[in-house]
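Read through the structure below, which is laid out as structure tokens, and then see the notes.
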Amino acid sequence: MELVSKRRFELFAGRAHPKLAQEIADNLGVKLGESNLKEFADGQLHCRFASSIRGKDVFILQTHVGDTQVGSVNDAIMEQLIMLDAAKRASAKHITAVCPYYGYSRQDRKATGREPITAKLIADMLIVAGADRVVSVDLHSGQIQGFFDVPFDHLTAMPVLVDYLNQVNAHESPATKMVIVSPDAGRVKVAERFAQQLNCDLALVHKRHPTGTINEVEALSVVGDVKGRRCVLVDDMIDTAGTICAAAELLKSRGATQVWAMATHPILSDMAVDRLKNSVLTKVIVTNTLPVPEHKRIDKMVVLSVAELVAEAIRAVFKDTSVSEIFGGANLA
Amino acid sequence: MELVSKRRFELFAGRAHPKLAQEIADNLGVKLGESNLKEFADGQLHCRFASSIRGKDVFILQTHVGDTQVGSVNDAIMEQLIMLDAAKRASAKHITAVCPYYGYSRQDRKATGREPITAKLIADMLIVAGADRVVSVDLHSGQIQGFFDVPFDHLTAMPVLVDYLNQVNAHESPATKMVIVSPDAGRVKVAERFAQQLNCDLALVHKRHPTGTINEVEALSVVGDVKGRRCVLVDDMIDTAGTICAAAELLKSRGATQVWAMATHPILSDMAVDRLKNSVLTKVIVTNTLPVPEHKRIDKMVVLSVAELVAEAIRAVFKDTSVSEIFGGANLA
Amino acid sequence: MELVSKRRFELFAGRAHPKLAQEIADNLGVKLGESNLKEFADGQLHCRFASSIRGKDVFILQTHVGDTQVGSVNDAIMEQLIMLDAAKRASAKHITAVCPYYGYSRQDRKATGREPITAKLIADMLIVAGADRVVSVDLHSGQIQGFFDVPFDHLTAMPVLVDYLNQVNAHESPATKMVIVSPDAGRVKVAERFAQQLNCDLALVHKRHPTGTINEVEALSVVGDVKGRRCVLVDDMIDTAGTICAAAELLKSRGATQVWAMATHPILSDMAVDRLKNSVLTKVIVTNTLPVPEHKRIDKMVVLSVAELVAEAIRAVFKDTSVSEIFGGANLA
Amino acid sequence: MELVSKRRFELFAGRAHPKLAQEIADNLGVKLGESNLKEFADGQLHCRFASSIRGKDVFILQTHVGDTQVGSVNDAIMEQLIMLDAAKRASAKHITAVCPYYGYSRQDRKATGREPITAKLIADMLIVAGADRVVSVDLHSGQIQGFFDVPFDHLTAMPVLVDYLNQVNAHESPATKMVIVSPDAGRVKVAERFAQQLNCDLALVHKRHPTGTINEVEALSVVGDVKGRRCVLVDDMIDTAGTICAAAELLKSRGATQVWAMATHPILSDMAVDRLKNSVLTKVIVTNTLPVPEHKRIDKMVVLSVAELVAEAIRAVFKDTSVSEIFGGANLA
Amino acid sequence: MELVSKRRFELFAGRAHPKLAQEIADNLGVKLGESNLKEFADGQLHCRFASSIRGKDVFILQTHVGDTQVGSVNDAIMEQLIMLDAAKRASAKHITAVCPYYGYSRQDRKATGREPITAKLIADMLIVAGADRVVSVDLHSGQIQGFFDVPFDHLTAMPVLVDYLNQVNAHESPATKMVIVSPDAGRVKVAERFAQQLNCDLALVHKRHPTGTINEVEALSVVGDVKGRRCVLVDDMIDTAGTICAAAELLKSRGATQVWAMATHPILSDMAVDRLKNSVLTKVIVTNTLPVPEHKRIDKMVVLSVAELVAEAIRAVFKDTSVSEIFGGANLA
Amino acid sequence: MELVSKRRFELFAGRAHPKLAQEIADNLGVKLGESNLKEFADGQLHCRFASSIRGKDVFILQTHVGDTQVGSVNDAIMEQLIMLDAAKRASAKHITAVCPYYGYSRQDRKATGREPITAKLIADMLIVAGADRVVSVDLHSGQIQGFFDVPFDHLTAMPVLVDYLNQVNAHESPATKMVIVSPDAGRVKVAERFAQQLNCDLALVHKRHPTGTINEVEALSVVGDVKGRRCVLVDDMIDTAGTICAAAELLKSRGATQVWAMATHPILSDMAVDRLKNSVLTKVIVTNTLPVPEHKRIDKMVVLSVAELVAEAIRAVFKDTSVSEIFGGANLA
């Protein structure tokens, strides 16, 4: 017996962010596969693919977020793992886990003794469940790629975010001078990359947070020149928004004319939305790697879509064309 | 340099069932270790052991259940995984995962095509996170032991449950004839083991449930002699209680004088408690492998403790004495 | 250089059951590959594939049985492992181990302490030798699928067996009432599945066998209504036939009009054939997953072929079409 | 809780060579552990350790040979694997597989395309079953050590064999000149090592055997000076004895005064004993790494014991003292 | 047989930095083990431990640096790998790789497509060679810990460096205001940590280096206030010194009164020493994690020793006491 | 989406032997891929593939030799490992490591205690870095194939070498009798294979080298008839040439009319070229598996090319045609 070998495509999505999944499917011109995801009474999750995926190139999309139809962030992760396991056992030929937001990415090293490195645990779990490759957007640190021994396509929403700023700037008075500000000593590298792309200055809010205190705000100081400028605080994610709002206030007090916040991942936990609403920030620019439900969409918030970007990457993976060219060879990490 | 090698003990517990953890620690005469477990605003979990566990034999206890302080069953599992990872990276010498109830144990095979085998996924996750050994009680199927390549101590609550029945029987009229009833064709083996221990008859409720319908009750029939007897329905767990209540009703309609239910694991999801309360069952005997909060404790329910049993097994593991002798060499399934 | 990728097929068989191998090859319309299997004077086995299998999809068929040309059951297993190793090193692209009967499947858990789980050992050995996928028929327990992290196609001979019974019934007086009987508490689930398919009643022979006594028969009792019926004892295998013959006798003594035995795997060890011949059984229905040599073919025995079933599954695996559809989505475990 | 850590010893043996096992146990001054090995009617093997081995350093001895109580060589190997698996699951602390003769050691590379490397498969199987370390005697090639990633103690019977020759020589006329002869181009290295130890000359029988013909004898020629000497043919094993008897005849025809054969492993398959009896060989010196039953013990055969040697190595492994010193730092191959 | 289990210590060192090895051994009060390291004529490396290490806790020290007695940095790494392999095969009980400087640590992520992640490759190589644990000092990024699944003790030279600055400051006029400067956007986090410890200000030299240009200096700008201050540039390593010297010049031109450089790892490649000598820097403070041979020791250079620090960590690992307490619980990265 | 699957080819080469790489590429009719290999100032290596290799069948060629543009032999090995890692992470579909000379192949077993088995370490490193298959020429021992669990294509330069001798012989007086001589007891098997192919006699130089002395020459003796013959010393490699030159001298002194040396791998370390030049050898025949720079090319040396051979093997691997047929089914060792 002899057959010409074909590659056949199938995209499944977990329930954490159905809207993004649909947008990506639309961009690819495919129908989302049916996974029959459900939750038993005891909270245990189940999936069963509706039709044969034997020999197919399967992509399993889930963003790692809680407070959605699926439940907690751990529920979202577990749902993806179960789908990977089912795909592996159903004889998919090649399985790609697509995680627009990679959970636990901040726990990527031991900051003190006797801590876990949960981002590595997630990596090991994705692999053990069946992923042959991982695609993600704007990891908290690029080193997470090295937690994997399988190919990892690390996408960035930077083109989408930079484009937006460039468009806004094009309509504004040329006198408006913009400065990119890192809200934290550990994020200056990313801020620098934006500053390079936008050809503008860089500043830094210097937070003094002793080990172990997290999600809290403390004595801050600004390094760099912000007076009379429009400050754009750049980060990978907005979680409780505590840090970024405090930074904004400080920048304002140091003479910034305007303060904007920009980040790829809108986690928006807890009181984040209230904080943002009540803050001195006049614009908050995020993407849809995570769902932003209506009740979180305040006026000053702009949500840009990464669907086309992710769809292009998925298409390139399936067709074996270059992913890095999608980003014009930009530095992805 | 030369040192006499010592074994040092430490027991940590996740937050799914603090009461059982405390009971076990008390039985062992130790203090529970401090893990500083917490949840960030986005639902991500974290742990940090308060003092050095370098070179220690560490036991990490978590029962896999939801609707508790930790959140969903997946949260409970993830919490244990994170603790295992932290223990591994903190140079514990030997790490034992103690799971009084092993999550997803019913998803132990592919009942139809394109399903996951989640019980195996849980096994792989425990191992990849750092477990060197696993201890659990009354697995849904004994074959789950084979999902592991590390030692697995499979305990059974049968002695505790049998003892209880024997004590009750001792106080009753000798005329009361008891019959052990399996509520499902797949559980007859376990029911038989109880019947052997109690030296009484066996019957079976024969459920016709086509593939894919779960947590639902259908046309049932009884196989075996139940008329004029006290029927004790025996299962490994009570989840929604749908099956067991329907079985009880049927047994009653076939002439049973009394129907009791007995199971190791009281999952008690959903409307389980209401169902049990309104059912023909006159006694529901379970253990505390899972927490039974006050509002679930109805009058007819008896909750027996496995704490001593688990504690003895932990002590035997630590001291390298025989675990199977704790159970008098009983068949562990 | 660029090439269109092709899938090329090759089927090899060990020497344990050449007749089934030939039947399967005939069904597939292919010639069996030449493996040059031989045994050196010291009993060590050797294989050498006669022609290049580089880049091919290779299927290596062996049923795990002893007392054949190959020798013991361990010889049969080892022969398959050696073939897998040779195929892997000869650069086969994808290797499927086809085991119509999976050896040591009864040793799938620790029934008592300090035992092996040999079914898991066999799984690990198949994988380490080179299998990328496993196909088997009617495992002793479906959980054995979970011993593997590679895809496992679990076939069932149930359609073949049910068809046979339906045909027989069609020619008989409608007055003949059939009841499916499980010869053991642990096999009721399988019996129930047959009863569901055949739309008839269920009974159970309840064997009391203390831990450690195997292949022996003891005090039995019947649960369920068998009087005046044709009883069909259903099991996955007939090994020494001790249990099934004793069960048959008991059923007869309880008023069964006729007792038949039905099982997928005819191991027929030891005195099995004599026992069957001298038993009250009037029909013994098995399949050819294991060889039944002429001298074991007694008059009352019917041997049905699974060759077409296995061939269809192999074809589906090669062509990436659905295996579960071959079985009409039937519950495979 | 705190304990002083102790190392406790236990030696189990498979059934392939009970006499050697007993000798080794006697040398160590221990009682052999009880494994309850048995064979079911279908030839499947089983073991169950009689008492707890939790935390013990367990040694599992089996020589890889067929035609014994266990059955074929594959049965012997499988028995050891099953014991390893049981020991691993019974929580032994450290498990050493002791294989006086390592099966399939001649299949240690691909001599032609599409062959297995079965010696590597055996290595992988020992590891997957649970061995943490392996001890063996006179491997066919020293490179087999590299098939393992765990420690491998490679013992040699050379001291025992050399001692014997030295003692014999001491009682003979000094005029007797001895020459060590390799019966095969591939064994000259080993022969050279003996010649170095005995301080005598080296010769070589040069066999022309085309790929694929095994266990057969062909046109041979002698390289080196053998006239008027006592030739001692040295090999690692005597299997069918075809090669060695033909070599002996040739040496005799070239003027050797006497021809002896010496080898560590007496496989003695097939017609080996008859061939040796009828050959020109006047002495055949072997060890007891494999059993030599009474009916194979011909007059000219001397069987030396390796029991003390193996016992010393086991003791050194248990006590963490040097194994290589047992052999005076001799080159182990 | 029964033995009290003992832990026995042995420290071996590769040849990359014998002086540090000796200092550490002296601190520990032990003699360095003899490894008989040598290089064959073809450059292949070899080791043979002089005495038995069976059952010992072995530490294998090598800093990853070239241009030493061993040769290139790859030679140094390979030497350590060979020693690890030899230790594993010689039955060491527990093996720790101590790498004061971890090679290839800057290649810890894919900065552009189609690059390796060599720091992960080094991790995998250490593990595959036999390391059970790794100890290193001031990794380029803390995430490298997550490249390992074994415990990783991440030490920091910060206490040694901070102490030095504090002592210097104690003897200087209180008017001297110090500012910690990061020479790169990616190193601000580390600089911040120093600023926190020294309770002083933070600034940043902002280098614009497009992807792919490495070891070169470009248009720089300063962010933060440096006028009239003593600037201390803080980095993890000084390689070619190009970046740091350019930064120093810029700082000086912006009014810094003095510029110092401080880094843990003195790689000092190429023209680094000349650059430092000719730069505006007035002090260069490094540690001895890498050798600084006499000809590289210029007047303005201070080399502090990490020997005590590493020795204490090794002692803690051997004795199972807390490593993080050595550093007062300081944030290790 | 659906695609016909294609195989696309790409060949990259490390910098150890660019001339052979070019010859192989020419033979294949392809252009060598661009890897942008470079060395940073600190000796760390880097690569970045110039264009996308996603989904390609990639071959990465490096011979393991030092004293070249790359540096030491360890540098050459590390360069290949880094290329493998980059290829794996760049989503190559299938990666073959081509090692014309396999480094550390002589360290293939523990000759004494406490040594590494570095050839196994190299194997593990190639695998961990990303190789899916390995191709090499004339391994020091064929057993190294068994160090791998992936397919290994073991090529031999024997046809090239034998052809050369046959051509030379064809032009010489038929009176010239040739004898193949092994320079070492451990290489007689290879010499025998040449003697079989050339249909001539075999002899052996018997070197007495105690364990541990390497690259040195000692008391030798000849076994076999060499008087009046042309002796061709055959080995797998010429390293320092000490052994082979001493053997040549001895053969000459025993009456050989001419002595030639023949080996696949010209390592030619140290004083090898001087030794060969000044030796009694009149011809030295090697291949170009390793580079032989101009200054090492003495008059009596003949360098034959294996480029066509390796190219044919690479083509066969890519096209899934038989590799062993390239060698006419010759025994590959």
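Lettered A, B, C, D, E and F in written order, each chain numbered from 1.
To be clear about the criterion, a residue touches a chain if its C-beta (ideal position, glycine included) is under 8 Å from a C-beta of that chain, and two chains touch if they have at least 3 such contacts.
Only a predicted model underlies this, so the values are computations on that prediction, with no experimental measurement involved.
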Out of curiosity, which chains are bumping into both chain C and chain F? A, D
Intercentroid distance (Cα basis), chain F paired with chain B, Å: 61
Taking each chain's centre as its mean C-alpha position, how far apart are chain B and chain C in Å? 33
Chain centres from averaged Cα atoms put chain A and chain F apart, in whole Å, by 50
Scan chain D for residues touching two or more other chains and write them down. 4-5, 52, 89-90, 110, 112-114, 117, 120, 124, 145, 149, 152, 322-324
Assign the assembly's chain-to-chain touch graph to one of these shapes: line, ring, star, complete, other. other
Chains touching one another, given as label pairs in label order: A-B, A-C, A-E, A-F, B-C, B-D, B-E, C-D, C-F, D-E, D-F, E-F
Residue numbers on chain B that touch chain E, as the complex places them: 1-5, 51-52, 54-56, 88-91, 93
Touching residues (chain side chain A, partner chain E) in the complex: 108-114, 117, 119-120, 124, 141-147, 149, 152, 154, 182, 185-186, 188-189, 191-192, 195-196, 201-204, 206, 208, 210-211, 221, 223-225, 322-324, 329, 331-333
Which of the residues in chain C come into contact with chain D in the complex? 40-50, 52-53, 65-67, 71-75, 77-78, 81-83, 85-86, 89-90, 103-104, 106-107, 110, 112-118, 120-121, 124-125, 128-129, 212, 214-215, 239-240, 267, 269-270, 272
Considering only the defined contacts, which chain C positions touch chain A in the complex? 4-9, 28-30, 133, 145, 149, 151-152, 315-325
